């Protein structure tokens, strides 16, 4: 994947070379040209075209924003309620994610989503301990995370 | 006109700093205070952004970023200290 | 504004001094840092407050605030940063060696 | 440089040579090398006699500090000659005597003679000096050399005691005298004695005249051991006998008399002068003679005798000053005879007392004791000594045909004459003089007899002595013999002295009584007919014998005069009080407690500034030109104040530090509100780094405990701190309310872009207009980092008390030290570090035109590195950045300095910057300024410093 | 056009104000919620949301009305996103490890058993 | 424009930085330091000569005209103090070679030493109030580091106090600068002088003057000297000598400069307050000198007394008084350095600082005894040593202006000072040898030579008072007429 991006950049520079004009506009044009070339020949690569990943990232971002907004409102509502009707607690969440990046991303997303907070990570990087604001059903929460964030992350990182 | 909104926001934010101050003073645990301080930092960041908009200048934008960085480092330092009794 | 600032400066001085009068080295250190804050705000207050834009000429404003006190404060901040860090380490080392941070026990009449 | 200068300096130079010289061999006595000096001087002064007699004045001058009118001017007149002869003559004899008296093997002879020469030179300086300051200088040197000589046997406690006492008292007098001299200088504009004397009378009405008189007399009285300053003299007898003979009877103690005589032309005619001197003298006379009767130590008797004799001469000088009350010649001359008597007795006293001291020295030397209770019957063994003693004591007692008789007769004449003085209303007081004089003479007679007869006659009790007595060797006898012979010669042929010495000296004391070319008529005779004086003398002899005989039975003579109060006790108590009182007092306020010191400082601050504000009516709050306030600013103010006020109340250090951090943040916010972006950046980052440092150092500091203070202490603290706060506020308001001038900062705003090529005025001020401040500021930081490094690394004494180990903070805090998985932090840091680094570099480069600059950039860089260290540990940073950060500091400093010094090449002032715009490839039109290079130095230095500090502390575990 | 502009300003102002209010509310949460973990939720996240809103509001304001695309604000947003969860995580963990108790009405603590287990091993 | 003026500061600065690179090479460090201090003496000498021949010299640093940029100004006072400092520092350095110990040398003793000098020279030469603060800080922070270098318990304890007090006074200094800037809006001393004179030094300006007085009094050890005895007894004697000779003197210099140049028109402040403080200082100091048996304490309180004496000249503020103050200041720098070096030697050979446990040292150390004696005389102001002319001028001034009480206190304190120092001499050198002294080591030449050199200087300065006085008179005439200074700085 990194090779693709690098190649794209090189192509942009080659474009500028050819045009003998060093400006941002030319760079962008060159980049787009390279991108199109890469896209057209995407099956040439053994792995996926990197724009898919970018797209997945965007999706993750949007998903996250949605979750952020949603659960923020939930928390705000909880705060503003005259009586606290919550059942907080800590639950362990087994993740399938492996690499440091993935786990970090997941933990951060969990943290950023109101209502949940990653408290600790087990030494083998397999279990996240999550403090949740309202833990009526721990399994449900786990499943939610698994379906939303973990899946989205996997889409970005896994081929 | 915009200014009215901005100053209103500033007032609201300064109130929320006041709230953080309450937590900061009250505690009870140190982590509470750290969290409060972190929040103060973030609110500060927002305030300065608003001040920038209000004064129609980008002069203080650097500070915004800087506060972001520093509250982060500060909080980490506090937390690590709390956890291990040492920072480095 | 100068009125309020002066009062804040007064409060900073007051609490700073109060802390410095404590026994515990820790409070004393905190007191000095408050004192420093007070001095810096004082220096700022002493130039006219809010008479114009920040002294960045690129902004094209009509008037600017007095830049000189700012430069002085900067120098002072940096210097007190140096001094404070040395003081921290001194306190730390002193506590390790002397076994107390109570300045009342560090009068130095009994030994040597 | 005249011969007189040579005469004064010769002993000094010789002493210096003696000091530098290799240790003189023990084969012959060092004294033999010294002896030529006084002899030479004596011969020289004798040779001057003729010209002085003829009224010529020898003088010479060397400038020392001419701008201050201090010249080493000397002159020789009759008075000076008289003293010079005494000094050199008796000096020669004393040196000769000392050669036999001091053992060449046991004693530190070199020191002795160096001191003695010092004294001799100084004494000559005193009597020959024309410049008052020079006189003062030599005067002090005599005190000091006397100090050294008294304590020659410094192993003895009493010697040291006596030495110190004599020095304290005489130096005290000397200082008073100096003040008097300076007063004279202020009045007359000159330090020259002769000028002052020549203009005598011109300043008599000056307000400073009488103070000067008193001060100068204080000097004279202390030196001449006048009551009540006499107490040092008996203790000074701890000195070796030659010293006692020389300094403490013949010469140094006479310096006071010299001073009085010298200043007589100036002060005579002043009633105060007359009364002070004559009364003090007569009191000293009678007190000294009475005390002498009570002593059992021969030397002590002689000491008190000396005191009384000095009093005698002093009073004579006082009586002689009465001459100045009269303008009529005959009356004046009548009273001036007292002066004549004074001079004559001065010589006589030197002669017979010198002899007596030497005799006592011989007795002491041969028998090992000076206690008259142990002595007796030495007559048979020491006939020659006895003879000398008889001559000396009889002379002292005032018996014919010795010289003492003559001067005593003259003394009686003078005291009888003074009763006729009609210038004062106190006739009764004046009538007391003869009575007191007579009584004192009786006492004198009594102790004189004791000295000679108790020692030499009576029942021998040799078994009580330490040594078996012998007659002294010839060398030891030589000097006293000469003196005794002189006593006889002067007694029989007093006029040997009249024209040669006394008359020129009188001319010096009473210049006003003489017309130009005139001279005194001095004639001294043994026989005056059956005068009252003769009857008085007879009465003295009878009463004196009575006292001598009754002495053992008169109990009043064996008990102290006052049991509780005596001057010596007062002195001792004074010294003790000085030590103890000072210790108590000093310990009272120098408690070593930092808190007390701070309290002193702030109380002083409150009082002085408060007084200033009140006194100058400085509180003027003029709020016209104050900036407007808006609500949110007040809220921020409130937050600041709240967080600050809360700090003293918290009881955990984390709370305290967090609150302080909050206060710091608020300060940052104020910086933003008041349009100071650079400040806000710096404050923010410094605050954070400080907090980090604080936490680093917290590792060992103990828990904050609630201050156990009494309510009173708390109130004091509160009052002081509130006072400081109020004062600072008031001054701030008054100062900002009374702006008198426009600030100079307009210049910077106008010129920073034009002349210095930067748009960020604050930054331009920092690196250019006031770049020097910045250079020193990073030096401060550099030093701080060195200090931190040395403080942590260098432990000369590794004494860590056990208590600390127990308190080890980490163990207390973290009960379960479980491994933690930092994966999240590390991963995020990987990104964050680079963002921060890039941001730091950006801040550095943008500084000249936008907020930022070397310092901020460097701290940001350091922040990135700290984050790196926190996330990945110390080992990583050592691998990743293997530099010595201290070197980096040095490099940075060097760059900054060299940038500044680079301007030397262009012959421009230090730290001159230049800038220009260049077209660079890729970057286009770029501004290049040396200021940026300077800033680079700052940047590197600050990184180096911060990392040094943090890593040093961090590694110290 | 002017009305659109004016409307836009109001909208942006309101947007920013909403952000501020969210901040304020979360501060309220900071005061109100019973234990440190819950407060952490309020503090780290709601505040983050508020700040994000404010920052982006300002960003748009600068972009549309002052013709200035402030990369620094963007960078700021990114950084806040990047760091504030980490800060929250570390602080929470520190709280947990220093033994700050959960709210008494908390229902579940799976971490506790694990940690005790580890301690026994060690 | 005369770059010479910055050299006294630049040279030690460069030296210090170079020394930082030479951490492990102690011998080279010593040589570099030696060369540097010697060169500085030469430079200072040239400056004095130039000032003597051509009047006040001014350097506009960075080429910016006053009052906008920082200026370095050398009038005679500054030049003389720079010269004296360079001489004293050289001797202290030589003394340090023999006494400071390898460990301290390795931990940056020499760079810190040079940094200290940077601060001191800067303080003497700068013509800008804020720059004075910065120079003070350079000096102070190096002094903190030097005082604590070695980290023994006593050092740590006393440094804490010393540092805290100085942090306080620095804060007050900045506050004072802030107030002054608030009122008159400038920082250049010459400009300040003009503006304060124009405003008539009334109202709040006087309060600010008092604040400056407190700040500098703290640094100088004038009345507010509580910190001094403790902290000066903590460091090794070479450092203590340097401090005693130089640090308080910088405070005194600042007092003289401020109150002759800026706040000179209101005698109520300059006379009454300063005089009261001077009297109190002399009395308390004199009492302190006789209170203790610890040599260090005795000589520390001696420092205090001399501060009072010098400020007496400023308080009288006649030309004579100022001359006296300057003269005595120079003498005191030399003599106090000498006294502290000797004190250090005594402690070293006696193995204790307690006088009661000493005795009979004259047998083994006659030269040292002689030097102690001479020093005592010089400090007490006995002619012909260096202290005399200054003291005479001070007394003259005091009496001429009618301050009899002040003069009496000055004279009385001289007596007590003499007594206290002679007591050292008597107890340490006279009497029986105590067990501790019987095994004390012989001194090698390296240790004794610096003291000998300083003693010769003290004697020489006394005998050559005329030459010194001529220079001092220049300084005095400039001080009494501040317009000279102002004109020299502000002329185009």
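We call the chains A, B, C, D, E and F, going by the order they appear; numbering starts again at 1 in every chain.
Going forward, a residue touches a chain if its C-beta (ideal position, glycine included) is under 8 Å from a C-beta of that chain, and two chains touch if they have at least 3 such contacts.
Each chain and its UniProt protein: A = Multicomponent Na+:H+ antiporter subunit E; B = Multicomponent Na+:H+ antiporter subunit F; C = Multicomponent Na+:H+ antiporter subunit C; D = Multicomponent Na+:H+ antiporter subunit A; E = Multicomponent Na+:H+ antiporter subunit G; F = Multicomponent Na+:H+ antiporter subunit D.
Just so we're clear, the structure is a prediction, and the values are computed from it rather than from any experiment.
Student: With chain centres defined as mean CA positions, report which chain is farthest from subunit E.
Tutor: Between subunit E and every other chain, the largest centroid distance is to D.
Student: Between chain pairs D-E and C-D, which one is joined by a greater number of C-beta pairs in contact?
Tutor: Result of the comparison of D-E and C-D: C-D.
Student: So, comparing each chain's Cα centre against the centre of all protein Cα atoms, which one is closest?
Tutor: The most central chain here turns out to be F.
Student: Quick one: report the Å distance separating subunit A from subunit F, using the average Cα coordinate of each chain.
Tutor: Taking the mean C-alpha position of each chain, the two centres sit 67 Å apart.
Student: Between subunit C and subunit F, what distance separates the C-alpha centroids? Give it in angstrom.
Tutor: 28
Student: Using mean C-alpha positions as chain centres, tell me how far subunit A is from subunit E in Å, no decimals.
Tutor: Distance between chain centres, rounded to whole Å: 18 Å.
Student: Can you give the whole-Å distance between the Cα centres of subunit E and subunit F?
Tutor: It comes to 58 Å between the two C-alpha centres.
Student: Multi-chain contacts in subunit B: which residues touch at least two other chains?
Tutor: 10, 15, 17, 30, 34, 36, 59-60, 62, 65, 69, 72, 76, 78, 80, 82-83
Student: Which subunit D residues sit where two or more other chains touch them?
Tutor: Residues 587, 592, 594, 598, 673, 677, 696, 699, 728, 732, 735-736, 739, 743-745, 748, 769-770, 773, 777, 780, 783-784, 787, 791, 795, 799, 813-814, 820, 824-825, 828, 832, 835, 839, 850-851, 953 of subunit D each touch two or more of the other chains.
Student: Two-or-more-chain contact residues of subunit C, please, as numbers and ranges.
Tutor: Counting only residues that touch two or more other chains, subunit C contributes 20, 25, 28, 38, 40, 42, 45-47, 53-54, 56, 68, 75, 79, 82-83, 86, 90-91, 93, 97-98, 103, 106, 108.
Student: Kindly provide every pair of chains that touch.
Tutor: Touching chain pairs, listed by label, are A-D, A-E, B-C, B-D, B-E, C-D, C-F, D-E, D-F.
Student: Could you list, by residue number, the parts of subunit E that touch subunit A in their complex?
Tutor: 22, 25-26, 28-29, 32-35, 37-38, 40-42, 44-46, 48-49, 81-82, 84-86, 88-89, 92-93, 96, 102-103, 105-112, 114
Student: Would you pull the subunit D residues touching subunit A in the complex into a rising list?
Tutor: Residue positions touching the partner: 819-821, 823-824, 826-828, 922.
Student: State the interface residues of subunit C toward subunit F in the complex, per the touch definition above.
Tutor: Contacts found on subunit C: 20, 25, 28, 32, 35-36, 38-40, 42-43, 45-47, 68-69, 72, 75-76, 79-80, 82-83, 86-87, 90-91, 93-94, 97-98, 103, 106, 108, 111-112.
Student: Tell me, which parts of subunit D touch subunit B in their complex?
Tutor: 630-632, 635-636, 638-639, 642-643, 646, 650, 652, 654-655, 658-659, 661-662, 665, 668-669, 672-673, 677, 680-681, 684-685, 687-688, 691-692, 695-696, 698-699, 809-811, 813-814, 817, 820, 825, 832, 835-836, 839, 843, 850-852, 860, 863, 866-867, 869-870, 873-874, 950-951, 953-954, 957
Student: What residues on subunit E touch subunit D, complex-wise?
Tutor: Against subunit D, the touching part of subunit E is residues 75, 78-79, 82-83, 85-86, 89-90, 93, 97-99, 115, 118-119, 122.
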